[in-house]
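I've put the structures underneath this note.
Same chain, two partners: chain A is paired with chain B first, then with chain C.
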Partner chain A sequence: MSKNENKGPKKKSKKYILISIASVFLFLFIWWLYTDVFKAVPANALPSPIKVISTFFIKFVETKPEGATMLQHIFSSLQTTLTGYAIGVAVGVPLGICMGWFDKFDMFVRPIFDLLRPIPGIAWIPVMIVFFGIGLMSKAMVIFMTALIACVVNSYSGTKQTLNVHLWVGRTFGASNLEMLFRIAIPSAMPLILTGLRVALAASWSALVAAELLASNRGLGFMIQQCRVIGRPDVIIAGMITIGGVGALLTYLLKLLEKLLLKGRKNI
Partner chain B sequence: MNKDVVIKCDSVSKIFYSSDKGFDVVKNIDLTVFKNEFLVLFGPGQCGKTTLLNIIAGLDMPTSGKVYVNNKEVIGPGPERGVVYQSISLFPWLTTMGNVEFGIKAAGVGKKERRKRAQYYIDLVGLQGFENTYPIKLSGGMKQRVGIARAYCIEPVVMLMDEPFGALDAQTRYLMQKELEIIWGREKRTVVFVTNNIEEALFLADRIVVLNNCPTSIRQEYVIDMPRPREYTGEKFLYLRKEITGNMDKTL
Partner chain C sequence: MMNNRYLRVFLKIFSAIISIGAFLLIWHIATNGTKLGELMPGPIELISSLIKSTYTNIGKYTIIGHILFSLSRVLIAFTVGGVIGILLGTAMGWYKTAEAIFRPFYEMIRPIPPIAWISLAILWFGLGEIMKYFVIFLAAFSIITYNAFAGAQAVDPVLIGAAKMLGAKDSRIFRSIVFPSAVPYIFAGLHTAISASWATVVAAEMVRASEGAGWLIIQGMEMNNMIQILIGIIAIGIVGLLLSIIMRGVEAKLCAWSKSGK
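== the complex of A and B ==
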C-alpha cells in the first residue's frame, strides 16, 4: 500500500529490504545474546534462537513429541481455516453488497446483524463445540462467523460509497437497477471488498489458532498447546513462527489477487 | 440559424426541503434551446445550475414546471440526452475504451459495432493510442476528453455539460475550449453548457443566458454572433466580456 511504490524505482525498495532484514537480524542477535551468551534465562523457559530454528526444521520430518509433523499440522489448520473462510466469503460478500444496495433488505437484515457483529469469533467456540463436537466442522463454523462479519461490513461500506455521479452516468445511459449494481456499484466497491477479504482472512487465521488451543487433535494451535503441557518451549516458538509465516503468506497471496483485480486504481 | 426547438423549460422551479423549511434553488426558468445551438448557462456561485441541468437530464424532478426535449416531456433520464460532468465521473475500473463504450453497451449494441463507434469518438476527441489506458494514467484534460467521447458515443440529440473544464488548470482549459469548439463543429449537437467563467462562455456560446444566484433564475440573455473561432482578445469579445461581467449578480 505504500505510496512510495509509485515514485521510487527499484533502488528505493532495495534499500527498504535491507533495513527490514537488518531489523530481523538485530532481533535474533539480541535474543541469542540473552540466551546463549549471557544465559539470562533458563533454557526450558526461553530456548536460544539456534535451538528454535533447528527444532523448526526437525519438526518437518519428526512427529515427536505431540504426534504429527509440521506439514501435517499446517495442512490441518489450513484445511479448517479455508473451509470456514470460503463459506464466510461466499455468504458475507453477497450479503454485504445486497445490504448496501437494497434498502429494504438492509432494514430487514440489519437488526440481526447488529446483534451478531459485536460477538467476537472465538466467543462462538463453546456453542459450536456443543453443536458440532471438536472436529473440523465446529472450528470451521467459528471461522465462518469471524470471516462473515469482516466480509459483510466491508462489502456494505464499499457498495454504499458508490459515487452519485457514477450512478447518474449509469442512469443517463438507461442502465437498469441490476445493471447499475453489477456494472457500477460492485466495481466501485471492489477495493473495499478485497480489503474485507484480507481482514477476514487474517481474523480467521487468528480465530483458528484460538479454536485449536481449546478443542482439537491436530493443527498448529494444538501443537503449541500440547508442547506447553510437556514443556517444549522450542516447539512452541517454532509453532508461533510458523503461524505468523503462514498468516503473512496468505495475506501476501490476497495482495497479489488485489493487484490483479484493481488495475487502474490508486494506492496499490 | 435553424429554429427547431429542441429543449423547452416551462416555468421550472425546484425547492429543496430541509426539516422545517424549503429553499428555492431554481425559480421560474423559462428557456428554449434550438437545434444545434450552443447555449451557455452563465452564473456565479454553486447554487442551482447543476440542479437545473440535472432536471433537464431527468436525474432530478422539478417541484413545479415541465421540461420538454423534442416535444416529449422529460420524466427520467434518456439516451437522447448525453451528460458530461465536472471531473470525477469516469469509471476508474474501466479503460478509455471501456468508459466510452459503457453507454452503448448498456443499450445492448453488439461488440463489433460498439468498438467501431467508440473508436470513432475516441479519435474525434484526439485520444487514439490511449484506448487501453486507465483514467488514473490520464491527465485532467484527457479525462474530460474521455467524458466528452463517452457522452457523444450514445449519439444523443442534446449534450448537457456541467462545468466540464471547471477542475482544469488555466492553460488546459483554454486548450479544451478550442478542442470542444472543433469537436462540436464536426459533430453538431444541441449543447447546454454550464460555466462560471466568462471567457469560456464568450468563446463557445451562440447564446449566453446569465443566471441570478440563489435561487437560480434568468437575469438576461445575450445572443453572441461573433464569427468562430473567436479571439480571447478581440475587440468585441472584450466589450461583451465587460458588459456581461458588469451585469452579473454580485451577491454570493
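== the complex of A and C ==
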C-alpha cells in the first residue's frame, strides 16, 4: 500500500474507495438483475442476493431445511476444530521445538515425520472414519494431523534459526543446555511458532469443512452438503459466507494474540 | 572437514534406517495376529499390495492410472489459476484502479476454503470434470494472486523512480520492472499453490468422482478395505512430495538470479 504513494497525491485515495464501493454495488446489482429481474439463471442454481441475505439471517432462528440453526452448526464445527487443533498444537509445538533443539532426537524422529509430511490432512479422513466412526473423534483426528504438521514445521525452523551469537553469549555466561533452550531458543523462535499456529488454524478450518462434507450429522460443512442434496443454494452461499467469516475471525484473533505476545518487536 | 561431512551423511542415513525400521517393526508387531490387525494391515502386506496395485486394476484403472487422472485435473486447473492469478495479482499490485475494482471481491473470496465451494460447484456444473477444475482453480488462484500482489507491491521504489525519471510509461514500468521483480514471490506462491491444489483434488474426488486418488481412498472406506485406503494415501503422499520437489527445482532454475542476489 505504501508503494503507491509515489503514484499520486493522497486525496486520490478517496476516489479509489468510491471505485471499490461502486464495483461491489455494480456486482450485486448485476447479480440481482440476472436472478430477480430477468430470471436468466434458474433459482435452484443461483438465488438472488436478497434471498441469500435473508436466508442468512433466517438461518439463525430457523432449523429448516436440515435440522439445526446456524449457531448450532457453528458451535459444532468450532468444537470439533478446536479439539483437534488444541491437541495438534499441544503435540506439534513441543515436538517441533525438540526436533529443532536436540540433534539426536531429530535424527531419529525426522525421517518418520518426513514420511508423513507430504500427505495432506484430508487424505486421512477415510482412515479415521474406519477407526473412529463419523463422530467428533474422527474429524478431530483429521484436524489433529493437519494442525500437527504445520505446527511442527514452523516450530522446527523457528528453533533452528536461533542465532549462534545469542547461544555463544549464553554459553559464555554459563547457561546450561536447557536454560539456553528456554531462555534463548524458544523466545527467538516465538514469531515463527505463532505463524505456525495461524497457518495450522487456517488449514484445520479447511480440513474441517472437507471432513464434514464427507461424514457428519452436524456442522457447517454438513449444512452445505445437505442443502446441495435438496437444492437450496441460498443456504449453501449463506453457509459459505459463515465459513469464510468464522475462518477470518479465528485468524484475526490469533493475529491479536501475536501482537500481544510479541510486543517487543517492531516489525510485526 | 571432508571426513566430517561424510560421517554426518552416513549418520543421517543410518539413523533414518533405524528409525523407519523401528517404526515398521512396531507396526508389524502391533498388527500381526492382534485385534488391531483385523482393522489394519501390516507393513509387509501393505507393501506387497502396493506393488501389486501398479499392474492390477482397482476399479477401472491401476493405481498409476488413478494418479494420472488426478494429476491431469490438477495441472489443467492449476495452469488456468496460475495465469489468471499472476495477471490479476500483479495488476492489482501496480494499478490502483485495478486494485480498487477487484480487491474487495478477492478479500471476500479469500477466507472461504476452496473445499467449501464444492457443494455450490456441483449445483452449477454438475458432477463432472468442470466442477473439479473449478474448485482446484480457486485453490491455486487465491494463493497465487495473493503472492503476485504482494510481489508487485514490494518493488524497490528506487527502480521505479529511476524509470520514471528516464521517461518510461506506466505500462512499460509494469512490464519491465514490476513484473520481473514480483517473479520470486510468484514462484513461492506457485510452490504453495501446487500443494494446495493437490490436497484439493483429493477432497473434490472424495466428494464425487469415479476415478482418481481421492476416489481410491473413499472407495476403500466404503468397501471397508483398509489396504486400499492406505496405498491410496501412500500414493497421494509420494505424488505430493514429487510435485513439491519439481516446483522447487523449477524455482531454483528460473529464479537463480534472485537466490544468488540474496
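In this section, the second predicted complex is superposed on the first by the 231 of 268 C-alpha atoms of A that agree within 3 Å, B and C clash if a C-alpha of one lies under 4 Å from a C-alpha of the other, contacts with A are read in each partner's own complex, and residues count from 1 in each chain.
Definition applied: a residue touches a chain if its C-beta (ideal position, glycine included) is under 8 Å from a C-beta of that chain, and two chains touch if they have at least 3 such contacts.
Computed from a prediction, not measured in an experiment: that's the story for all the values here.
**Student:** Which holds for A:126: it touches chain B only (first), chain C only (second), both, or neither?
**Tutor:** Second partner only, chain C.
**Student:** Tell me which partner touches more residues of chain A in the superposed arrangement, chain B or chain C.
**Tutor:** C
**Student:** One more residue to check, A:213. First (chain B), second (chain C), both or neither?
**Tutor:** A:213: touches chain C, not chain B.
**Student:** Can A:228 be said to touch chain B (first), chain C (second), both, or neither?
**Tutor:** The answer is second: A:228 touches chain C but not chain B.
**Student:** Just chain B (first), just chain C (second), both, or neither: which does A:244 touch?
**Tutor:** Second partner only.
**Student:** Does chain B (first) or chain C (second) touch A:27, or do both, or does neither?
**Tutor:** second
**Student:** Output check: A:171 vs chain B and chain C. Expected answer is one of first, second, both, neither. What do you get?
**Tutor:** First partner only, chain B.
**Student:** Thinking of the overlay built on chain A, is A:107 touched by chain B (first), by chain C (second), by both, or by neither?
**Tutor:** In the superposed model, A:107 contacts chain C only, not chain B.
**Student:** For chain A, give the residues common to its interface with chain B and its interface with chain C.
**Tutor:** Touching chain B and chain C on chain A: no residues.
**Student:** Once bound in the complex, which stretches of chain A touch chain C?
**Tutor:** Result: residues 1, 3-4, 6-8, 12, 16-17, 19-20, 23-24, 27, 44-46, 107-112, 115-116, 118-127, 129-131, 205-206, 209-210, 213-214, 221, 224-225, 227-228, 231, 233, 236-237, 239-241, 243-245, 247-248, 251 of chain A touch chain C.
**Student:** If we count contacts the way the header does, which residues on chain B are in touch with chain A in the complex?
**Tutor:** Residues 54, 57-59, 76-79, 81-83, 85-86, 88-89, 91-95, 102-103, 106-107, 134-137, 150, 154 of chain B touch chain A in their complex.
**Student:** If you look only at chain A, which of its residues touch chain B in the complex?
**Tutor:** 163, 165-166, 168-175, 179, 183-184, 187-188, 190, 262-266
**Student:** For the complex, give me every residue of chain C touching chain A.
**Tutor:** Interface residues on chain C, with respect to chain A: 11-12, 15-16, 18-20, 23, 39, 96-97, 99-105, 108-120, 122-124, 153-155, 157, 160-161, 195, 198-199, 202-203, 206-207, 214, 217-218, 220-221, 224, 226, 229-230, 232-233, 236-238, 240-241, 244.
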